[in-house]
Amino acid sequence: MPIWKSLLSRPDAILALILLGAVVLAGVLAPLIFPGGPWRMVARPFIAPFTDMGHPLGTDALGRDLAVALIYGARTSLEIGLVSTCAAVLFGTAIGGIAGFFGGRVDSLLMRSTEMFQTVPSFALAILLVAIYSPSLLSIMAAIAVVSWPPVARLARAEFLSMRRREFVQAALLSGQSNLRVAWSQILPNVLSPLIVMAALMISMAILFESALSFVGLGDPQVVSWGYLISAGRGVMARSWWLTFLPGFSIMLTIVSISILGDAIGDSQDPHFERKETE
Amino acid sequence: MLKTVVSETAKRLVVILFVVTGAFLLVRAAPGDPAAFMAGEAGSGDPAFIAHLRAQMGLDRPLPVQLGYYLRDLAALDLGQSYREGRPVFDMIAERLPNTLALAGAAFLLALVMGTAAGFLAAIHRGRLIDRLISIGSVLFFSSPYYWVALMAILLFSGKLGWFPSHGTQTIGAGYTGMRALADYLHHLVLPATASALFSMAIYARLVRASMIETANALFVKAAHARGMAPVWIWLRHVLRTSLLPITTMAGVQAGQLVAGTILTETVFAWPGIGRLMYEALGARDYNVVIGVFLVTSMIVILSNLVVDLLYRFVDPRTRAA
Amino acid sequence: MRLRTVICAVFAATVAMAAPISAQERGGSLKVALFPEPPTVVAGLSGLGSASIVSSKIYEALVTYDTDLNPLPWLATSWETSEDGLVWTFNLAEDAKWHDGTPFTAADVVTSYQVFSVENDRLKLISAKIDGVEAVTEHQVRFILKESIPSFIYMMNYGNLPIIPAHLYAAGNFRENPANATPIGTGAFKVADWEKGSYIHLVRFEDYRDGSRPYLDDLYFVTIPDAQGVAVAFEEGSVDVASASNLEGFDVARLSAMDGVERTNHGWEMLAPHGFMWVNTQKAPLDRVELRQALNYALDKDFIRDVVFNGLATPPRGAFDSRTKFFDAGVNAYAFDPEKARDLVAASGYDGAVLKLSTAPVGSAWARLAEYEVQAWKEVGINVELDNNDVGGYLKKLAERSYDLGNIYLYQYGDPSVGVTRNFYSFNDVPGSPWNNVGRYVNPELDALLTQADAVNDPAERAALYAKAQQIIADDAVQVWTAELQFPTLYRSRVRNLVTTALGLSDSFANVWVEQ
Amino acid sequence: MMTDPILDVRDLCVDLRGGSRIVEDISLSVTPGQTVCLVGESGSGKSMIANAIMDLLPGSLLAVSRGQIRFHGADLRLCGHRALRELRGRRISMIFQDPMSALNPVRRIRTQFDEVFSAHGVEPEGGREARMLELLELAHLPTPRRILDAFPFELSGGQRQRVMISMAMALNPDLLIADEPTTALDVTTQAQILQLIAELQRAFGTGVLFITHDFGVVAEIADRVVVLRHGKIVEQGPLDEILRAPRAAYTRTLIDAVPAWNPRAGGLSTPALVSARALGKVFKGGATALDEVSMDLLAGETLGIVGESGSGKSTLAKCLIGLEEPDHGGIVMDGTDITALPAAQKRLRRHRMQMVFQDPTAALNPRHMIGRTLADVLKVNGCARPDLRARALALLDDVRLDRRLIDRFPHELSGGQRQRVCIARALAANPEVLIADEALSALDVSVQKQMLALFQDLKEARDLAILFITHDLRVAAEICDHVVVMRHGGVVARGTPEAVLAAGRHPYVEELLAAIPGQDWFPAGGAAAARGAGRCAI
């Protein structure tokens, strides 16, 4: 596997992989390791980190274990990041693909609508959507997907459009293969790598978005998220800065890891296939 | 040129119409009765009050008619009344907009200048220590929620060090005037503007760096070398200038997002702009205000896109011909 | 008609609590942290506490109350009530003026009553018992009641009946009156400028009826939207006064320990903020008294006091706040007893259905409280989920009665008949309103008891009736009681006479002065 | 001719950083007024030598590891960057293959031209503006003032290259390095540019190091030839010697690859397979792509469509095959006008005409192995699943490719092999007509020859009609039964090659013929004799 090989050749990518792996693992296993959930009050409030090994990252204002909350927060962030990104990528690719493949009037109609979605300030729109449809995991994911699909559509369109003009695609069409088949088997595999790189970026943005929504009080109240922890810690910042610092730091580390991996994947993908002869 | 301006402007008008209609339908499509929503804090759900609101909002009319009235009012800059303050939403936004524009503008300039400078430095020192540092810095800023960075900045620069004030636009009651008042305003602006700028700054830095490295490989750069030009000049006049074109487009998008992003910054720094107005209106379900801010923000975004597009046409001769 | 003079002490109490008169200094300014920013500072237009903190400097009421809840003169210099309690006569300040120069007269009081007997929820409840208000002379006004209202003097508080100018409000809809754009009151301060989102600036009203007062030249209310910001602002000295209602509990402890900072717990005797939870008593499974009792037993009120409110609370015994008149300390309160709660849950036949706890974003302590409650109930087998709303949505849930449980704190206004009993009358269950009997509690026996208690003049008799009512309410676990809240006020030591009455920061500030 | 060399390269080696040697032991020299041609196919390292001389190698990838580059006796490798920069542009100039990307797209010509002077602090007599105008005029640019104000995209390819040449000559350099400066241009433009370089060289006495892959160009301009292959010099010597008696077999191959002048006479008279009837197409923006074009492709013949870029030849092919819709006119196949058919019907007929594209790299899906590429086509054209592999292998045999390549990816193949795969893919649809759209021009000359032979064989074996689109009149004349010459979207001449090229030919055909380089050595029926005589006089 060339991707793995190239990832493993970069120390920063290895580190990112380990970090992200840990976050994912913790998030997935959270209910198994801490079946009591993140809301349980387990000790006295405001224990500082690294002072009580039973609660390595200390406790919050209600005496809940911060480490447990962070791990459950990872779960929420990843869940929202993945689901909303998948939705946005699928939808965006479909729209952009159709626009780029068929061109002409279909293209200008679809792209004009995409542009409209893109000109609307995304955070404001997300706030509006979540606020109106009341905060829940579903509404948050939907809102993030709604504001993040346009760039995918534009990318997919550009890629499909350029691929559509590529001679191997024309040759495939000339040989009698159907549009759908050509789009699926000739074009899609070739546009996948920029889409993957973009998806990595979008997961990051989705996590940031979710945290920002939680921060302004539009998070799902049933689940712990990093944004919620920051906003909860904010009030006690002067006394226990780590309650605000650590969740934000978790977001940062996760997104740094995703960005590094996205870059690494992007670097490793294209040149091999796309490289022209040297002269 | 004039033709382009007109056609581009017309295009934006269509977008605005779309946004307005979208916002209108969104609120109407929301679960529940918007009038009952708005009854909220003030109305105590009094049926008479809700009926009054329904009539005031024209909710008893068919949807297309409502939309028509809505658009008509909007054309007259009437964004409706805030039920909470009983004042025109337009006035409320107008009195806070300058603060938001100052904040977003400062953040925009800061991000653009610092981001470009950082990207430039990184590109010309590609692979060296300074490039690594800038790259790490931009990845970190790109990855951090900026409201969190803002909080940390308050903790450090206001709390621990006491260098900058943590909230508001001015030292209240100090009675400063003239230059002194301006200096006071700027002093208050430092933290919020920097905190809002970091994210965009990171994006610019990465973009400028990538774009410059790509441009540096272009044949015309090689040709300039072959002409015996000094490398510094080539970097500045050929590479940077040409690389800045894609940044222009990005700047349009970012400028708008910055305005929307002030919802967070203004909340953290108690900055009296439209972002915080929206945040507070959200809490109070003052939907006319929320929608008003949303529309105004959208329009600023659309406007800045328009300006950038026209600017781009002006800066990049190739698009002028097309 | 034999008149009984109740009080005729002009300004005695306030002076008694103040520093020696000679020390009072004119001039200076005061900056008060304020949140949320009120939508308006016209008296009675907004129910927000922060609105009345500002508007009470601009407008005045007939009376105020000392920290033992004895009425003190304000715009009324003295008052009398008839033996049967059906006629109340107020003598008004003769030299008071509105900010626009118009003299203040009894007509203003009449107009104010006419407006607020419609606009004010609490006043509206008793307006049926009031026959009318009439201006006897330019400076004397008389309220005539149909039946005795023992708590009448508490009904006259600033929150219920601020006095607004008749020459501006005589006609038309109060809420849509153009005069609302420019507040005109008789208060010691008037509005200079209001930078939305930043501050409200009041200046001394030079024509205030008492030559030397107010002492301050400028009064700033600084809008800071979060507890952290208020703490930092107070710490760095950019505000002089901060109320704990805008602060985190632990910050109160930290800031009051600073040099040159004073703290007072006074000023909330009138309002007595009482934290409890509405329980929708007609909605299964909450119609089961066992389950409601279990909800009460499952909460550790000491924990709530210590951890959620950082010690700034008292565990409540029931529906009556200990600061309210006729509070009965003997009421059987719900001590923390998870075992008992579990048994009661089993006895109630609760099937594990998920209940929704509605909340509003009114501060991090309230978010923590809700989170604690959910967790504490989970421990005894009651499944509760948070239903976060914004303020409007929350009130809507209450108004529609579509909630299961809802955290809230309400002011008690000194006398139970003003602030407490209205929440239990079955006829006060009016869907559409988020106030009064939101819990939909129906108990004819209690209705009768409360009706009697609210009308009887004799204090001892009232106390007995209220004691009985308190026990019924507690036994039936009509609500879940969480905390009697304390909102200490922090201020710089150089600020004097800041909190002298039961109204706290919602008083006139005419006596406040600052050491230069 | 015993002047000291301007440029004297000794034993030059270029290595990949930390890797293999790309260019090995190159020695060559250029004397004043001399034109030295560096000839080689792609990958021979010829551009790298030019870049090494100019110190323009991408430093992170490549480095000069050994050897000397003497300029007027001083070793450029030792003189330091600053001194080198002084030389560049002033005493050594360079022009590039692609004049579009060699000019900054967003700056006016004036600004860029001006940099030549400002970079070296030169103030020409009479001012820069006057000098620029003078130089542009010398380069035969019609409206120099307008050109100065223009942006690069507003100029044609030929004009841009002229601007580049003017800039290169601005400071009267001793040495001009020209890296394939005419490859991207049409033949007629190429002829003009070559002439211009020769003219200026004469006027300024400049030495020229000219890099090309085309022996025709070499024969046209070189005094001395250096033949390069795989980074090594195969042989070098004066033009006469190399052309007359090449010592190396490789040189022989390159020379032989220049098409012979051999116009075919007899055409076929079979029935028409496909006919275009008065096709017209106007592109968005108003450029006429096709102007009432009619033509017949006869069964079993090779029809050449000849024209320069913008002549409409590719648009014609695309219309025929259905990749573009003509605005009006008809395409008749078997008596029916296929432009009028519904889309489904069109698709059914698609397989009957197949296309081979110019760039075989772009024409193959980089992610599909050769077998899959062929199988996909076979499948939709009715081949049963179990037979797919056998049929694909048979196709590889047909195009003379090693059967083992079936499990390779395109990037593992050479350019020629890829083009064979493309042909195999076209054949997989079992077509009656094969359209080859400049199918040879991206290939090395030595490969072109083989490919032509392959087309010829396939045509006979499968009874194909071939529509052969090319810019090279000689190639068309040699292999086609009929030729159609197009210009500006219209047909200017048609008929058998002999007829089209016979005396009394169309003036444009005349022009095309005259533009063919190297006619002294590779006769092409143009006005070679007179020009050749002129050259010998130097």
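In this document, chain identifiers A, B, C and D correspond to the written order of the chains, with residue numbering beginning at 1 in each.
Keep in mind that, in the parts below, contacts are C-beta pairs under 8 Å (C-beta built on N, C-alpha and C of every residue); 3 or more make two chains touch, one makes a residue touch a chain.
Keep in mind the model is a prediction, meaning the values are calculated, not measured.
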Taking the mean of each chain's Cα atoms, which chain ends up nearest the overall Cα mean? B
Please work out which of B-C and B-D is bridged by more C-beta pairs in contact, and write that pair. B-C
Report the inter-chain centroid distance for subunit B and subunit C in whole angstrom, where each centroid is the mean of the CA atoms. 40
So, what's the distance in Å between the C-alpha centres of subunit D and subunit B? 50
Inter-chain centre distance, subunit A versus subunit B - centres from mean C-alpha coordinates, in Å: 22
Separation of subunit A from subunit C, taking each centre as the mean of its C-alpha atoms, in whole Å: 47
At least two partner chains per residue is the criterion; list those residues in subunit A. 131, 134, 217, 234, 237-238
So which stretches of subunit B touch two or more other chains? 154, 159, 267, 282-283
Quick one: which residues in subunit D touch 2 or more of the other chains? none
Seen from subunit A, its contact residues with subunit D in the complex are 166-178, 181, 185-186, 189-190, 272-279
For the complex, give me every residue of subunit D touching subunit A. 42-43, 47, 321-323, 347, 350-351, 353-355, 357-359, 361-368, 373, 376-377, 380-381, 409, 411, 415, 422, 425-426, 428-429
In their shared complex, at which residues does subunit B touch subunit C? 32, 36-42, 44-47, 82, 84-86, 92, 95-96, 99, 154, 158-159, 162, 165-173, 267, 270-273, 276-277, 280, 282-286
Please output the residues of subunit B touching subunit D within their complex, sorted ascending. 127, 217-220, 222-230, 233, 237-238, 241-242, 245, 315-318, 321
What does subunit D use to touch subunit B in their complex? 54, 56, 58, 60, 85-90, 93-94, 96, 98, 101-108, 115-116, 119-120, 151, 153-154, 164, 167
